[in-house]
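What follows is one structure encoded as structure tokens, with my remarks underneath.
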Amino acid sequence: MSAEADVVRRPSGPDSEPTPRKRVRLNEQLRTTGQVGVMIAPTTLWLFFLLVLPLIMMTLLSFRSGSFTAEDSAFTLSNYQRFLQDASFQRLMLRSLWVALLVALYSVVLAYPLAYYLAFRAKRRQNLLLTLLIIPAWTSFLLRVLAWRIILGSDGMLNSLLLLLGLTQETLPILLYSPTAVIVTLVYIWIPFAALPIYVNLQRIDLGLLEGAADLGATPIQAFMRITLPLSMPGIIAALLFVFIPTVGEYVTPALVGGPSGQLIGNIIWDQFARALNWPMGSVLSLMMLVLVLLPLLLTSRLVRLSGLLEG
Amino acid sequence: MKKLSPTAYLFPIVMVAAVLTGCSAGAGDATGATEPLLVLEWTGYQMTEFPQFFQPFTDKYGDNLDQVIEYSFFGDDAEALTKMQTGFEADLVHPCNSWWQLYVNAGLLQPIDTSRLEYWDGIPDELKQLGQFNGEQYIVPWDWGYDSLLVRADLVPEMPDSWADLWDPQYARHIAIWDSAEQGYVITALALGLDPWNTTPEEDEMIKQKLLDLKPNVLTYWLDFTEVYNLSSSGDAWIVANAWQDAYGYLLDEGYDVEYLDPAEGRLSWVCGYGINANSTNLDLAYEFLNAAIAPESMAALGNEYLYGFSNFDAIPLVDENVAKLLNFTDLDTFFANTVFYQPLTEEKRQAMSDIWTEVKAAQ
Amino acid sequence: MQEKQRLLTPGAIYFWATVLFLYLPILLLVLFSLNDSVLLAFPLKGLTLHWYQELLEAGEMLQAAQNSLVVGVISSLIATAIGTMAAIAVTRLNFPGRDVFLSIAAVPMITPSIVLGVALLILFRQTINLPLSLGLITLSHVVISIPTTMLIVMARLAGFSKNLEEAAMDLGANYWVTLWRVILPLSLPALIAAFLTAFTASFDEYAMTTLITGTDVTLPVYLYSLLRFPRRLPVALSMGSVIIVASAILIVVAEWLRRVDFRGGAKEETA
């Protein structure tokens, strides 16, 4: 890939004069800028009608007292007040952020060696092994979480195994229906996905740098710490965000394996829309969650701009 | 060396997509003079898979069932109500009784002309009344069941005998209750000796506090009936609250030492039934459907298959004996006396219950 | 790079251990799909193919699977197409509002699916009175996949400079020809990756989809509704097993195809 970067055509002759070439390129640029519209139009339309507009409607809904009847449409801040006054909503929100962060960290830490192996050691079998990692993701997410419920249950596999090995005297029901179960299950789901951005990033590292380091006397560990790891930072950050953000709003896993202490804000939001039919309150909670998720995003984009990931 | 151009890839993909689209479009075509009946239904009752639940209807329409009836499924009453309220034009909907009032108040249903129902008289008055609002019959009751405590007799140190026993610390972390605002609220009110459907705000506060007190005892809030079986059979939960009698029946069959209680405060019962959309004009088919639904042979099939109660008591002689026992049909006199039916909710009540439940779930 | 010992490097051990860990629950599912009992618990009650037989007759489940397939393929094709175009515009052409555009394009990624689902439901049913259908679900799945397709293609495009395009244009090709003959073929692996990623997301999408589902259901929605009836669960497991095997075969075949056709570009794939 880096081979292309080195291809800089320098034709000889009159074309090599900078001025005529620049003029040609500028004309090209102006013409193609006109065509930018065509390139981004479909996506823009899609984003506007099926993303921006619905979100605006949802924001409007957050200021109503009810969802369906005419008298519900009066403007009110009561839902926002309820959120600000209810400490349990706020604590649950923070706990969800914390759980999501843990899941992201564990997933990335566990996925990094996988990505490393794929990028540097797997040679020609890279893509095959990568797809091997991805295939589990094609099974229903629901069924996989159910499978974990079986594993973690008190007559489940894990317990039977521990009993068999004599590590525990009696079954441990605490494995299931706890925040731990939620984290374990989510990490399991996310590891393959966390490996992807890291792998893509590692792949683009110029091996010449590592060889150069070796030539200069660096040990493999030094080379890793001083070269590979820093260069893979964009991928790591991308992987963290990739896992963190959807996990904040996760509700299926907590509902199935979380128990009373493992519920997350996503469950409450889901309840508002699907059970309690309190759409305005659900809209408020969703908006608050979006705001809280955007903050770390803005922070990290200052530290490592998204373009950094692109320029490798 | 010539590489394959991108078109070489796009072509087969597009072809496959076109073929698949063609297939599904073909399958969705409905021909025929009348519109098919659109039923907003729980999964598990569709006559395409369970023709015996609507025997006369399936007998009449035989192989053309797909052209006569269409289903849209929901998993939750709230989901169904949302769909109807946002304009989904189903002809028939199958909600459960706490929600019936909300449907009527929102003007979603048209009154039922009971003279068009051949088997209407087989339904006991108490059940009929549940579906009456403002003097009109809006719902045809169809299926019902009990809501009680399912207990692993071999695991509990002491046999509970009331809803209030759920709070007993000796069962800590071995209780599972339904993740449902209404159910949680009602059993707590009963445990406190209150009338769940007539409370003051102070009493509501008591109920909320009591639910918060229950949290340490709760292993999990179960979501669906698969969980009920698994929780009880694995022994993770010694007591499963708000379990239905079918769970009891299946676990007994599998050889587990389970009991299904008659709590001191009374066994709860849910009832579900069919209502006709206020805007529906597909009435001939709708009444054929309803008639078939409450025909004794259909009702007996429902009972035998799912161990559910059914509204047409004329069907009682047709069900298996053990099913009749399970449903307490062998003792009809006390049946209505000992059963606490869920009452229809108003929007305020429903909101109040939801708000309490939300705060209980959100609390640490 | 030097050749290390073949199989037993720590990296390899870790990789295969993780793969085992990833597949274990799935193998469990397959195991229980062969178990002669409705309950998902040990000990096993005996082997049977009964559930697979039921699967063949489970018309609705198969219809739901087909729906998911159609929705997935179409929405992924659209998302890949428009996402690629947008990615090219963003990386190659500097235009005013580029950053705003990128930020908005990223929003589906930072919005929980359930929120998207409700927002879309409000739009479809309250704002415009549209009947819910698979078509709307397809359109909605496109939105979810726009950020990922863009990201994947952008990452790929960043890997090779503009010089090739400029060279082509210097040689007289207009922009569209350059796009078709230069940029797209070079980014084809990314396009395929984007398509597969979008398809995976769509095929398994539940949280948003369930809120905007009408008469026709996708597979995840159908499976979730089956949870109410434990007797149907083993059939669901057999469906899951079939999907694993089918997708495994599909991916291996796709991989083989790709390898065969990219002999010329193989250098770019490996490290």
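By letter and in written order, the chains are A, B and C; residue numbering begins at 1 in each of them.
Please note the rule applied: a residue touches a chain if its C-beta (ideal position, glycine included) is under 8 Å from a C-beta of that chain, and two chains touch if they have at least 3 such contacts.
These figures come from a predicted structure and were not determined experimentally.
Removal of chain B in thought leaves the touching network of the remaining chains intact as one piece.
Farthest chain from chain C, judged by C-alpha centroids: B.
Counting C-beta pairs in contact across B-C and across A-C shows that the higher total falls to A-C. Per-chain Cα centroids separate chain B from chain C by 34 Å. Rounded to whole angstrom, the centroid-to-centroid distance between chain A and chain C, based on C-alpha atoms, equals 15 Å.
Residue positions 40-41, 126, 224 of chain C each touch two or more of the other chains. Shown for chain A are the residues in touch with two or more other chains, namely 149, 153, 155-156, 273-274. Among the residues of chain B, those in touch with two or more other chains are 86, 223, 230, 234. On the side of chain A, the complex with chain C involves touching residues 1-5, 7-9, 15, 24-25, 28-29, 31-33, 35-36, 38-40, 42-44, 46-47, 50-55, 57-58, 61, 110, 113-114, 116-121, 123-124, 126-129, 131-144, 146-151, 153, 155-157, 160, 188, 191-192, 200, 203-204, 207, 211, 245-246, 248-252, 266, 269-270, 273-274, 279, 282-283, 286, 289-290, 293-294, 297, 306, 309-312. For chain C in complex with chain A, the touching residues are 1, 4, 9, 11-12, 14-15, 18-19, 21-26, 28-29, 32, 40-42, 81-83, 85-86, 88-91, 93, 95, 101-102, 104-105, 107-116, 118-120, 122-123, 126-127, 139-140, 142-143, 146, 150, 154-155, 158-161, 163-164, 166-167, 169-170, 175, 196, 200, 203-204, 206-207, 211, 219-220, 223-224, 236-237, 240, 243-244, 247-248, 251-252, 255, 258-259, 267-271. Residues of chain B touching chain A in their complex: 76, 78-79, 81-82, 85-86, 106, 173, 179-181, 215, 218-221, 223, 230, 234-236, 350-351, 354-355, 357-359, 361-364. Every residue of chain B that touches chain C in the complex is listed here, in rising order: 1, 3-6, 8-9, 13-14, 16-17, 20-21, 23-24, 27-28, 38, 42-44, 46, 48-49, 70-75, 86-89, 223-227, 229-230, 233-234, 250, 254. Of all the residues in chain A, the ones that touch chain B in their complex are 67-69, 86, 88-89, 91-92, 95, 149, 153-156, 173, 176-177, 255-256, 258-261, 263, 267-268, 271-278.
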